[in-house]
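Two complexes follow with subunit A in common, the first pairing it with subunit B and the second with subunit C.
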Partner chain A sequence: MATAEKPFIRQDGKDKVTGLGRYTADLDMTGMLQAKFRYSDHAHARITRIDTSKARALPGVFAVITHEDVPDVRYGPFVQDRRLFAKHKVRYEGELVAAVAALTDEIAQRAVELIEVDYEPLEIVSDVEAALQPGAPLLHEDWASYGASEDVVREGNDCSRSTILKGDPEKGMAEADIVVKERYVADMSHAVPIEPHAVVAQWQGDRVTIWSSTQVPFIARSGVATTLELPEAHVRIVVPHLGGGFGGKCEFHYEAQVAALARVAQRPVRLVFSRREEFLAPDHRREGQVLELETGVRRDGSIVARRGRLILDNGAYSADAPFFPQLAAMMAAGPYKIENVFVDASLAYTNTTPSGSVRAPTAPQACWALEQHMDSVAGQLGMDPVEFRRRNIVKNGDEGPTRQVFEDIGAAETLERAVELIGYGKELPEDEAIGVAVGWWPSFGIASGAYVKINGDGSATIITGAQECGTGAVMALPLLAAEILGMEPESFSLLYQDTDAGPFDSGASGSQTTFNNGRAVMAAANDVREQLLDLAAEQLEANRDDLELKDGAVSVKGSPTKSVTIPELAEAAHGSTLLLGRGADAVPEMPASDAAGCTGRLGMESFLAPTFITHAVRCKVDRETGVVRVLEVAAVHESGRVLNPIGANGQVEGGVVMGIGMATLEGSLLGEDARQLNPHLLDYKLQTASDSPPIHIGWVDSPTKPGAGGPKGSKGIGEPPCVPTPGAIANAIAQITGARVHELPMTPARVWEAMQR
Partner chain B sequence: MSAESYTAAASVEEALEAMAAGARPIAGGTDLVVGARGGKAPLPDALVAIHRVSELRGIREQDGGLVLGALATHADIVASSTACERFTALADASAIVGSHATRNAGTIGGNVMNASPAMETGGPLICFDAVATLRSASGIRRVALADLFTGPGRTVAEPGELLTELALPAPKDGTGSCYARLEYRRQMEIAIVGATAVVTLDGGTVRDARIAITALAPTIHRVAEAEQALNGSDASDAAVHAAADAAAGASRPISDVRGSADYRRAMAAVLTRRAISTAITRARGGRFPIPASPALHGAVNGGAA
Partner chain C sequence: MRYDATLNVNGRAYPVAIEPGRNLLSVLRSEVGLTGAKEGCDDSECGACMVLLDGQPVNSCSYLALQADGREIVTIEGLAGADGELHPLQQAFLDQGGVQCGFCTPGMLISAKALLDRNPSPDEDEIRLALSGNLCRCTGYSGIVRAVQAVAEQR
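Let's turn to the complex of A and B:
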């Protein structure tokens, strides 16, 4: 067994399990103040007056700040459409108008309530289709003047539009024997990490250290530097243990507001979100979608054409969602051979919490719609839904929606293994059925760096910019280095999630930690390995090419007695040239595609090292109540080469349970005032351990070519496991009840209502 | 969320003295503290903790009936063989309140005095003719549970009165009971629709039926029409259906994030029917798992069942 495949105990495990681990909200400092935000009183309104004088006069209040107290800078990764604090308008219920730092939470809360804000309410736009109607009130009247990436196609409330065009969809549809057109609607949902957002900021002179519950410390640093107009070298972001993120803590959130409070107050300031705030103002929730899908098929089950119109909900401001339309369009085409494709996807501004990447953004919802649609088409054909997929799923040499040619993939194998694992076709009670769904997801190649240093006693330290969000991806980095250096993973310490220490990494997002930082750590370990071999050659007076490094020592091949241990080499190095490795591996090239007919190209026109997934789910429906129970799940993934089975299986188990939650219960409801009606865990129902069914996991081994994927031909694994689960459950429900549920989540009431129709 | 003063009483008398001075009692804190954290209502200015008052603890049998100390937890009730065998609906309800942690910390006294129209144990206690003992610095009185609740979060208790115990008289021979709840998930659930049935059979005939509905009106209450449909009947499916439909007809459900009024009304009939059927099964000596709700939803997979 290679070192990387051995079971190991992660370094942060004991702290987290025993409760000793310190999270951002646990930090305490002498003189520290508590922060509270004043949120908007309306989902859409013009601000006519802000008066903070009463709040400032309250004893115990050290700072009250508004847009007037920070640089007038608009920010956003694709479209710069927002400020740290509202200036002229508020556009959703969780928008910040002011912030307070005071001695206690209670004083801060009282001060927040004393801030007087006058508004002129404006017409609310909360429906994505209404937002794109001609004459709809514009959320951003000055949208055209905003700074934005050149590739973003924008127009009024449509913040980002992408199309995918392949072949001649009109002609293809006309040639089809059967055409099926359907409409699906997915509600907004949330990441719901167990740890709500927390930020602590402390200044020393003109430099600030910010402890933050972020998944992306370098992006947070850049956000603070931009909005407070500071050099990045004056901003240090440190992440204590992170209590989960699931995307909800990607992007730049409240680090700058807390830093600005701390600067005015001249004291350290701590912000800790309540669960309610975590729902209303996370700045990153899963977007709702409206999907119209149309498919033309021949009698033999081959797909001739696919058309789609998708409208995604951006919320009031743009986080990283502008690339979602292109990604969702790829998802609406799916991992199938289709000669003619046209998908038109828009991202609509609405007066709701901003959307952003939440675990596999766009995919679970789009896959839920597409895979139900695939079953509907199979039904019209009178064909078994698995057989219909079998005839259309992509194989090596096939072309994707943008004519990317697939190599070294195992999509079809995931389908076969999943139906085998679940026992597809076996006899079941009349209130049970098996639903199947197929999905796919790209890997993201992004620059990332690491250092490896050998300490004086022969132990080693990995210094990385990578962020551990709980998945174990950073914790597993020593496995990769240990294998290269002939050492034990336990011999490594880790310095991570500190922007002043590690080289750049894009954070715990995009399933990219092992994929990119794993390659960087391997490069750094190889750099040190070369240094060790050079030094050993000197010490052993041997030819460098005759040396081998294993089991903690360098020896001459064939003469095991001529050997020097790593501790001996380390000691020698500490008397001369230190053993310091640096790693920054080249980013894999994007596969070629033909996106000539596509608009709004934001990097998703082909999928780097795509991963393929099939979930087969056995469900039971209580026909009288509509309550759905997931009894058993078979989850088979092709993720290139699996490096660490314990970690990979953990991702699948968590992703499947998250997918069950999205399928059956998780969704936010909005009132007419565009306020969330269930911003708390009593009525936003997550799955519990008791709801988790047995999950049978399978892996299709299909490593990428060297340089085309992650370490050893691996692919990203964090996000894919929640992609096909909702679609598979939906298909099981439809088989049991004979009624398709066109709304996500498929709550008991919705399942029951579908059965009444 | 902050209380200005907190004292821990060592005896009922000490607790009553503190309450006479304006303090509110706290035991498990599963409603008060959670509610304050969630922004539902701030903590009272003065709190008197009663969790160390030993005379308020425990469950005992009395003349074939049951006496529950105010500090009896939901877990204590589920662990009581008397509750499980003769007051089965109360065990059904106690076993599905919140989570494992809620059931271990939450007390029956707190659950009753919180007076939520969605509380699980309310229906069973009403149907079993439970009587609450309310004590204050100036006296003692007994109030039937059916008369205790006056609205959501409201009871007839005066500010200085402490619920010290609940007494449930012995059920008649031939009685079976069940509490059934609509459950969207397996733990941490709250009643969206709940139904209690306590049915006494005499030979093949229903001698006495008690049916209450939960989360379907501002207070939990018995439904006379449903009971009449069952009383004197042969406990046939037709009679059970008629009773269930009567319960649904008597419901006054609201539409909110947890479900529409139409769905709730339809579920009132389903859950009441399931509760009555299970109560009849138990009255006939048949076995049915406690708690009944997961099994009634078709428990199969791992976890609680």
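Let's turn to the complex of A and C:
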């Protein structure tokens, strides 16, 4: 089943273990200046004056820019509600008011502090429920005049509202034997890649090259082109090695501001974020959520109706979050058979750091709430929580929340395998228990392209628009091409993450690299394979249909001596027509659904090639302190067909540990002034090696039908592993303590408090 | 005011003139020209800047460069052999899936080397404890711990 039978060593690995590989902050150039930003002094205020004269006069300062020095363009992928620099108002503490380029970091910092900004403070809105109350101060008074995708449903501080309706939830609820209603609140958290953001920009004539720590170079290029009013052909984004992203480096961030500084200064300019800036400024933190869930069940354990009201925190501006309400609504309905569903989800503007996709956006929080709620319902029924899920989890032929009919899925199998792997039901000490949670996640079908060329000596090069963020997805692309071309993966070089070289790809986001770019690379390899066979037919004077390509040569079937090697063909081609393959495979169609009763449809009304996941965790709680230890995790995934087991296991191991962090420690605290109180790693703790438990991984092999998924029936793998971990831990805590923790993260204080109720 | 100092890095002497407030990481990355050690937090929390100072692992972001005057410093660039042959830990990190984005890798390898230099056969708990000053966001630490175990078993 696996393409990689032998150990898979990543091509960029030697660069990384020797310390010789360059990341963006490692780049240096003759005459290069250092950039610093002036951030807002308030979370919500009107700007009455900006005076940069003292900063401009400081020796060593080459450029000071504000909104006046860049085109007056509003941007945003769904709602165009922001500018490169604040103009009339500031709406969160990390908003940019000005930028400086100077000879050294120290001079740039002094210059930033010399910029005088006068404000008229405005009432702060930091609570999502208060933001949606009638009469709440509007963050964007002119919201109705902003450009926006026509499918986004907006009203005042509600930036995007989506509903899912199936059946008759009122009637269903009335027919239920038991109805359970609960409320859960998740705090905002962060992606926290270990590499902070960095950008270097250099102009040559009217073209700019930008080296950036972005996960999405083509989206960054489009952002620069839009906001600086340049043709995309004048903007080249190159990503050196990228030190992790997890969504925090998706979207378009600081490339345009640094390019604008470099243009004014007429020098290359480098921006490197501090850890504090990494917490405050990027518009891609994981959003806080308030979830009210209500489920009606019959005594036999079948669910008859579910209702949900969700409010998600958008922060001050819209990054890619407007599609979150629909996605979160699907998550709150869950991968269960339910005839009657209504979920109403809003995205509230608040005076906080903007939200955006962070590894499986909306899902870990919503799954944490839903899976606790599932255990609560099972408790009311007096039924084992695994048995309750067993009776309701979707199987082939069942309908999802929007009547998508599932085919070729293995959701129930993940549940059975996970409880088996962890030893569910075994005798445990009094302070330990096993918690189980089920989750799901879509694959994203997006256009993507690649070229494969055979070099003169028979080696090959893949030129792709895909972006490697560490997962190894790009590193594994040669496996797919090598199999088609009868070559060794080591014979391929890779040119990637350069917008002038590769065809479009949507970047290291949405678990989409193998899913979409893998198909493109296979198409390009097949294209060049046809060319090799044509050429070999000529050389061997044989019928093309009689040829086979394997082990680095084309031979006539049945006559292995009549053969020509790929290097020989490559040499011949370099005397005539070069061997160049191009691939841009058609995007799989979205599965059919009935979304007639749904509003705010932004592409999530059905799930393409959905992944299903069950995590079972064994935890221990210290009753004196409320400290939770995760002792062991069983993670079983149905991701279609797994192509690269080492890479896939690495995603699960990393995602599980990220999920443990989200469950137990990771959350931002806000002061009354809406400033983050813990924007550094001393107070925002990540899991360490000694916190991390053994992880037992299982894969349910369930390939999609050809054309309905990724290469060979695969599905997205990167994001799902962090989805059900917090919910499973929550359920273990409740089993041990008898108390349910309704706030995320479930810190020792919160666990202890829940035990006192 | 700058002061003269000599930093002995990976067996080579670098004469440098530096202000007293400069940290070792920034001097290694700028004056010495070795960018393998990374800055991830600037407050000794992430370990990406770790180097060996007279054989002991230190967070170079929080260590004054002048204090390293005349002492032996090993950065990630000093781990492989002169012929470019990888250190067994470097090879094991690749073999065991201990490298993803690679940003924590230099500091992680330095910590692992310091551990094996003082304790050639650590158990899993000792490995996890020794690496707990180095944050990794990609791997969940599993591949890294496997790599250190694999090298310890060879010894």
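To be clear about the criterion, the second predicted complex is superposed on the first by the 751 of 757 C-alpha atoms of A that agree within 3 Å, B and C clash if a C-alpha of one lies under 4 Å from a C-alpha of the other, contacts with A are read in each partner's own complex, and residues count from 1 in each chain.
Convention: contacts are C-beta pairs under 8 Å (C-beta built on N, C-alpha and C of every residue); 3 or more make two chains touch, one makes a residue touch a chain.
All values derive from a computational prediction rather than experimental measurement.
Of the two partner chains, subunit B is the only one touched by A:T625; subunit C is not.
More residues of subunit A lie in touch with C than with the remaining chain of the pair subunit B and subunit C. In the superposed pair of complexes, A:Y23 makes contact with subunit C only, with no contact to subunit B. Of the two partner chains placed by superposition, only subunit B is touched by A:W752; subunit C is not. In the superposed pair of complexes, A:V656 makes contact with subunit C only, with no contact to subunit B.
In the superposition on chain A, contact is made by A:L682 with both subunit B and subunit C.
Touch criterion not met for A:V185: it reaches neither subunit B nor subunit C.
When the two complexes are overlaid on their common chain A, residue A:G243 makes contact with subunit C while staying clear of subunit B. Of the two partner chains, both subunit B and subunit C are touched by A:S690. For the contact definition in use here, the residues of subunit A common to its subunit B contact set and its subunit C contact set are 274-275, 680-682, 688-692. If you check the complex, the residues on subunit A that touch subunit B are 106, 274-276, 431, 620, 622, 624-625, 627, 629-632, 664-665, 669, 677-678, 680-683, 685, 687-694, 747-749, 752-753.
Residue ranges of subunit C in contact with subunit A, taken from their complex: 29, 34-43, 45-46, 48, 75-77, 79-80, 86, 90-91, 93-95, 97, 99-106, 109, 125, 127-129, 131-145.
On the subunit A side of its complex with subunit C, the touching residues are 7, 9-10, 12-23, 25-26, 192-196, 241-246, 272, 274-275, 469-472, 646-647, 649-650, 652-658, 680-682, 686, 688-692, 695.
Touching subunit A in their complex are the following residues of subunit B: 2, 37-39, 99, 182-188, 190, 256-260, 263, 266-267, 270, 297-298, 300-304.
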